[in-house]
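You will see two complexes here that share subunit A, one where it goes with subunit B and one where it goes with subunit C.
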Partner chain A sequence: MANSNLPRRIIKETQRLLSEPAPGISASPSEDNMRYFNVMILGPTQSPYEGGVFKLELFLPEEYPMAAPKVRFLTKIYHPNIDKLGRICLDILKDKWSPALQIRTVLLSIQALLSAPNPDDPLSENIAKHWKTNEAEAVETAKEWTRLYASGA
Partner chain B sequence: MGSKVNDEHVSTVRSIVGTDYTDMDIIRSLHLANNDVTAAINILFDTPSFNRKDAPQMLSNPRVPSQNSQVDNRKPVLKRDDRSTDGPHVGSFDRERASVDCREGRDSTENDWWFVGCSEVAGLSTCKGRRVKAGDTLVFTFPLKKSSSSPSPGKFGRGRNLAACSEIVRFSTKEHGEIGRIPNEWARCLLPLVRDKKVKIEGSVKFAPDKLGIMDTVLLSMSVFINISMFHKQHHTSLKATISSADETVVHPLPNLFRLLGLIPFKKAEYTPSDLHTRKRPLDMKASSGLPAPLSSVNKNNNLSRSTDEVENDVVLSDSDVDKIVGVGASPELEEMEPPCTLQCELRPYQKQALHWMVQLEKGHCMDEAATTLHPCWEAYNLADKRSLVIYLNAFTGDATTEFPSTLEMARGGILADSMGLGKTIMTLALLLTHSGRGGLPGSESTYKLASESTNVSNALEQSTCQSKEMTKFLGNNQSVVRKNLLVNGGSLIVCPLTLIGQWKAEIETHAQPGSLSIYIHYGQSRSKDAIILTQNDVVITTYGILASEFSSENAEENGGLFSVRWFRVVLDEAHTIKSVKGQISLAAAALVAERRWCLTGTPIQNSLEDIYSLLRFLRMEPWGSWAWWNRLIQKPFEEGDQRGLKLVQSILKPIMLRRTKFSTDREGRPILILPPADVQVIYCELTEAERDFYEALFKKSKVKFDKFVEQGRVLHNYASILELLLRLRQCCDHPFLVMSRGDTQDFADLDKLAKRFLKGNKDALDKEGKQIVSKAYIEGVVEELRKGEQGECPICLEAFEDAVLTPCAHRLCRECLLACWRNSNSGMCPVCRKNITRQDLITVPAESRFQIDIEKNWVESSKVTVLLHELENLQSLGLKSIVFSQWTAFLDLLQIPLSRNKIPFARLDGSLSQQQRENVIRRFSEDSDVLVLLMSLKAGGVGINLTAASNAFVMDPWWNPAVEEQAVMRIHRIGQTMSVKIKRFIVKGTVEERMEAVQARKHKLISGALTDQEVRTARIEELKMLFT
Partner chain C sequence: MDSSDDDFYSGEAMDDDYDCYNSDNADDNDDYEFIEEDPEDDIDNSTSRRQQQSYTVLREEDIHQHQEDDITRVSTVLSISRVDASILLRYFNWCVSKVHDAWFADEDGVRKSVGLLEKPIVQFPNAKELTCGICFDSYPHDEVLSAACGHPFCSACWRGFISTTINDGPGCLTLRCPDPSCEAAVGQDMINNLASGEDKAKYSRYLLRSYVEDNRKTKWCPAPGCENAVDFAAGSGNFDVSCFCSYSFCWNCTEEAHRPVDCGTVEKWILKNCAESENMNWILANSKPCPKCKRPIEKNQGCMHMTCSPPCKFEFCWLCLGAWSDHGERTGGFYACNRYESAKQQGDYDEAERRREMAKNSLEKYTHYYERWASNQTDNVNDQVSVSPHAMLCGSDRIISRQKALADLHQMQTVHLEKLSDIQCTPESQLKFIIEALLQIVECRRVLKWTYAYGYYLPEHEHAKRQFFEYLQGEAESGLERLHQCAEKELQQFLTDDSPSKEFNDFRTKLAGLTSVTKNYFENLVRALENGLADVDSHAAACSKTTSSKFAGGASKGKGGRGKGSSRTGGAHDTGR
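Now for the complex of A and B:
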């Protein structure tokens, strides 16, 4: 369907994602829509998400690369910058998008966000509050959620 | 009516009526009285509409009981009726009867309502059984704006919709209420006028059947009155403004009303809207005339690629095209005038004619003529009202005025449009010497006083005519009078392109008797900021650049620059410089305050008819200085292929433009200027085998790209890229090195320069923002990468770079990709580092830089260069001078190598030189007998430069438009040339150059034949395809 008219840039990016994947990240296009990617990110080591496998979906809009890809966590995650619907608060996905960024760089940024939660720019108020008032407890919750929702399966 | 008013009559009338009337009034009255002095005086005294100076516009007599005024004013009316035998006229009987019929209505007339006329109108009864009798006064009801409902809309037929109802004008009597309605055509033109309170109507029943039945005819007598507010200046303008925005095809109610009233202009407009409506389609026109095509369509096309490759697409008209458009003035009849003895050179007869013509235009002699020539768009009507004799009505805009609209309302000066090489400079200098003075007297009051004092002295009359005319001009614009009073009076100002400053100065110094004219060059950073300096000299020379910059600076009037002076005369040399209507230069020129204005240009039209508009605006050739007016009457019709637009331009230009060409002849039919013959020859060169291989390789590569565009049907979208491809091919014909070094980006072709610029730019960035954006090492890496010719990929399209650019932050991207991600076309963020950058910051990366070679060391002559050298050596032995033209300065760079090696001394003139340097180069070339060759870029040699020292010209590469080549070559084939001139054009066989010749021929057709938009588009594609065969 829409795949017949795929821009060269998307094809190129896809080929590179498949042939030389970034460590801890896998992204593969859906068979019926080449603009839709199934993504898996491994929880970074030394983070509350270590050991978890997080599923995301990534969609390249018509205007890509002039517009940012749309990315969402499918796996439940306890993180101040990610809400319960899996939406991500990350500047490069919004106003700081640049066409010089790619799928790979976006996913790496998300991975980095897992390593370094930023409760000062929260998407999920409650979690951010939790993080700020009692970080140790919040981190525990995050680990708990990782175990509950992101372990294998 | 065509009789001219002469000065003798004016002075006679003036001696009787005294100073209360302006010359314009006197001229008008004479005009109306058919030059009968007594009648004219009567008209003046009897007619309040002739304004005293204290009441320029308005009726000034106190309220007079209307019955009396009717009697009082009989005389002029009779006079007018006497005259009615010599022209089309409303019968006086009708008029008399009408005035009787309408007397009742007149009683209620106030002073500011003027009776226009009366007519019998067949109204339709809308009632049944009512009785009205002749003489019953009627009240007319006009529907309010829009959908306001009126009673009983349905009675006249079900099909009628509400919109039509809102146009119904009904009449009623006091006793019976509604009687009927007036005919639609009357209603339509009355409605808008009555709504705006510009017109009112009164009426009575003239005849009606005893008992009215529906649809019965009721004969009405309707009198129409016009409010004098219609003639207020403010109104005038506001009206014009609304009209310009409104639909152009609207029929204006007032002219229509006049027609319905049966008023017939005693003087008809030359052009009327009905002319426009009967216009022929452009197709018919093409068949029937050889007039030039709508330049505009060519223009539209230009816009496609204007930003990218302006010069290449600029359609410059050749001399003959210009002639077709503006017409060559039939000048042999012009009188000659001897220049003053302070001019130390002989003028040719045609130059003396020009001097006479210019002096006359400045004196305003022609103005008298023009003042009595009715503007071609206005009609003159006699009103039935006894107080005013005449009103003027514009058939196009519906504007009405009591002021005589003449063709030359404000102008004093004109356009000297002799083609290049006829000596416009010297003619102007003769004018400067004949009359130089200081700007007008400080206040209009004193101007006026002076004018009136001198009236009795007959020999001063001419002058006073001018001055009082000046006064009317000032009065017409009260605001500016105040402003102008602050200005200091200056002499003559000459505005010219930078290249010509030196020439003007030199011409004045050599040809004017020492001490007769003092000169001041107003140029450079150190130029005077004191208006006094500007006014102390007879002649001030400045450039368009200075003019524009002083114009845009704050308080231009007070800060002592060009705008704080009221000039005696302003001369724009190469006046087509101001052609761009919205350009600062054009606005600046138009804003100068001056009494006399001149445009010198060999090409009054360069690209489009619009060019003329700017000139007329500068010249104050009212009303053509208003865009709405110009656009409606000239531009639009012209663009639509209506010849009338063009005709109108020609009729406007005729009195104010003098144009002769080299082919013009004098009274005896001899050419006005005899130049030695010019011989144009084309030298066809063959490429050497090595060159051919290189060319073919480049051609194939380019063709593949071009074919891709054709395949995608995106030829016109990629116009710029295609021109770029062609550019390479054309340069390759000159010398393959040009392609290797990418001559057009020569500044950065040298990578060391590039690196330097980067490091410098980076330092700036550091200073400003306090943090380092890109490291020095990074930039060095990038430059090194470029130097090695490493390909890399664009971070946006992930492909190999195509037309790569470098950002100031040293990021490399495809130009297209970068521009595509910017929201606006001129600036945005660097996609890589988010630094804000603008389009100007981008640096074109030298492509194929790995071919960069040391041209000195590896010098090889191209076949063209070989032929040129051979030619130059021949000329060297004869001691003849020549000019070598190329479009590319890079090619001039290359040519310097063999010239030096062959010991041929040369000079070089291109756009990079400062004014001083240019002058030096030209002087050296003209005076130093050793310097035989001048390398010149086609563009730098564009205007005005006189290079008659050379008798040979070599045009190394063909230009798209032959007119540009022609212009350059004219630098040597002009006045002062004593030797026969040889021009040689180089064309390489079997290349794009040869095919360009064919396109040149086509291009000529494009300009001179009418092609529609679509035709032009396809023609373009065809043209491009032709080049790639």
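Now for the complex of A and C:
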């Protein structure tokens, strides 16, 4: 039902995501709702998340592409811009959204966020504080969480 | 009661006043007529002329005009399109000189930050078909639109994009190309081409609002329903402005106009009214018991002269709950009730009992000032002043809210003026002295109201100042009552005449004289209060009541020749002929 009026743009994006996936990213639509995507992002190399496989969910609202997609981490992650519910603090998902952005660009931005945490614009106060006061220790915790929750096992 | 009122108000002292005024004017009505015929003397002008003209009231069409003029200036000087000029002005908060300065200092920098491109970033001169960056479909070259940058989007996507941003709010005024890496501005020309009629109207509305709200020298008139704005030229130190809608407000704090009280005191007072509102609601929402029979009485008209219903029929003053028979010359005029101390002392009857029940002295003092302040307030729900025949009859003994005064003014402008012109065979242009008088009453009610907040914050220990203040306030009350009496009651007779009345010229002279005298008195009052009653400091602190009238004379004479009339108001209480 929900798929009957799927805009051409979403179909095109989906086809391209499946045929030429971005490195370290996979996104596939749910069978019963083509607006709902199961996403996996590999932890970028040389980041505390290296070796981890992070699951996310992505939903394209009715207004898409005029409104931003809704994205959330399902895998627990220790990151100053991601809270314990998996919500992500990223400008292009909020006021900097543009209809010329795509699912692919959003996921690439999230991947980049894993490489470069930004504790100055935190979503999770405690983790950001930890990051700023003792970065080495915070990175260790992030690695530990990656092992514990994102090992893909 | 009414006849004695007449004596009181039309007594010798008052005649003196206008004689004195008259002699200044060659004892001839021609002077008035000359003034009245001043071609620019419409009501709007005279209201704003009251203050030094440091501001301009802008109607919606004026705002549009100013905005268009500014856009034209920038567009001409910088040789850019009007659309670009509008974008630039908005970016620099509609300050033309800032636009010029920034542009001539660093045109490239300004262009970059504002998003005004000189040439496209991308070009597809040979492409037959272009792919829309939003829906990813391909379109013939001529069906694709772009901002100055050249990024191609189909018109359906442009429409969706523009509609979404307009409905997101005023952020649509800083619309940029949808391409995330592109900063090119999208101007009103594209909006007008692509938006729906409703969205275009919204956009224009936001643009107009921006001109007022983002502009540092304009503010909206805060009166409910009023769509005028006020453009203020800084530097005069006096922030009181008067809108065409008759609402006066302080341009600095946008509260109601509050001279002689400063913005800080007003904020304190309003905060206090909120903080005390629980108590005040209890005190004011509950009825007052009749001082004699103790039956609860709810006041639903503006008159302070209360008469308990039969069989009691006790007449008393709503403010002090004293017997009405005690009010009059003996207590220093009908408005001696403004004196907190004497109200306390005179509080015999059941008032003493009532006050004893009240918890604290401080609350009592606050209540005193609050009630009087609120009586002059425009929208006081506890004191709904009705225009009932009863209220008209005892016009002389009431505190009339500013709201009522405004209603009178409106009634005069819309109905009575024409009628009066017919009856008295006088052109309406020569009846402006009546409007002047009513406007003056409105203004005086406002000042009077704030003197109560002033009185509340006047330090207890400054006895001489308090005494002097209360004297000046009492004089102001009675002076204003005389004017109101004349403007309302004496006018009635000329409205019901069958043929032109000989006395109408006398009435004109008297009312114009009273208006002028009252105006001067209130202006001097405002100055004296703003001055912190400095005259009291310079004299011996231990002055008695007899010397305080000299202060009044001194305070008004000190302002030069114009104070002449008001220095005579001190004599207003010499009643009888």
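Quick note on the criterion: the second predicted complex is superposed on the first by the 153 of 153 C-alpha atoms of A that agree within 3 Å, B and C clash if a C-alpha of one lies under 4 Å from a C-alpha of the other, contacts with A are read in each partner's own complex, and residues count from 1 in each chain.
Going forward, a contact is a pair of C-beta atoms (placed from the backbone, for glycine too) under 8 Å apart; a residue touches a chain by one contact, two chains touch by 3 or more.
Just so you know, these numbers come straight off a predicted model, no measurement behind them.
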Comparison of subunit B and subunit C by subunit A residues contacted: C
A:M66 touches, of subunit B and subunit C: first, second, both or neither? both
Subunit B versus subunit C as contact partner of A:L6, first or second or both or neither: neither
Contacts of A:L108 with subunit B and subunit C, given as first, second, both or neither: neither
Partner chain(s) touched by A:A100 [first = subunit B, second = subunit C, both, neither]: both
Touching partner for A:V139 - first (subunit B), second (subunit C), both, neither: neither
Partner chain(s) touched by A:I92 [first = subunit B, second = subunit C, both, neither]: second
First (subunit B), second (subunit C), both or neither touched by A:A22: neither
Contact residues common to both interfaces of subunit A (with subunit B and with subunit C): 8-9, 12-13, 65-66, 96, 98-100
Residue numbers on subunit A that touch subunit B, as the complex places them: 8-9, 12-13, 65-66, 96, 98-100
Touching residues on subunit B, where the partner in the complex is subunit A: 795-799, 813, 817, 820-821, 829, 831-832, 834
Touching residues on subunit C, where the partner in the complex is subunit A: 133-137, 151, 153, 157, 160-161, 164, 178-180
Sites on subunit A touched by subunit C in the complex: 7-9, 12-13, 63, 65-67, 92, 96, 98-101, 105
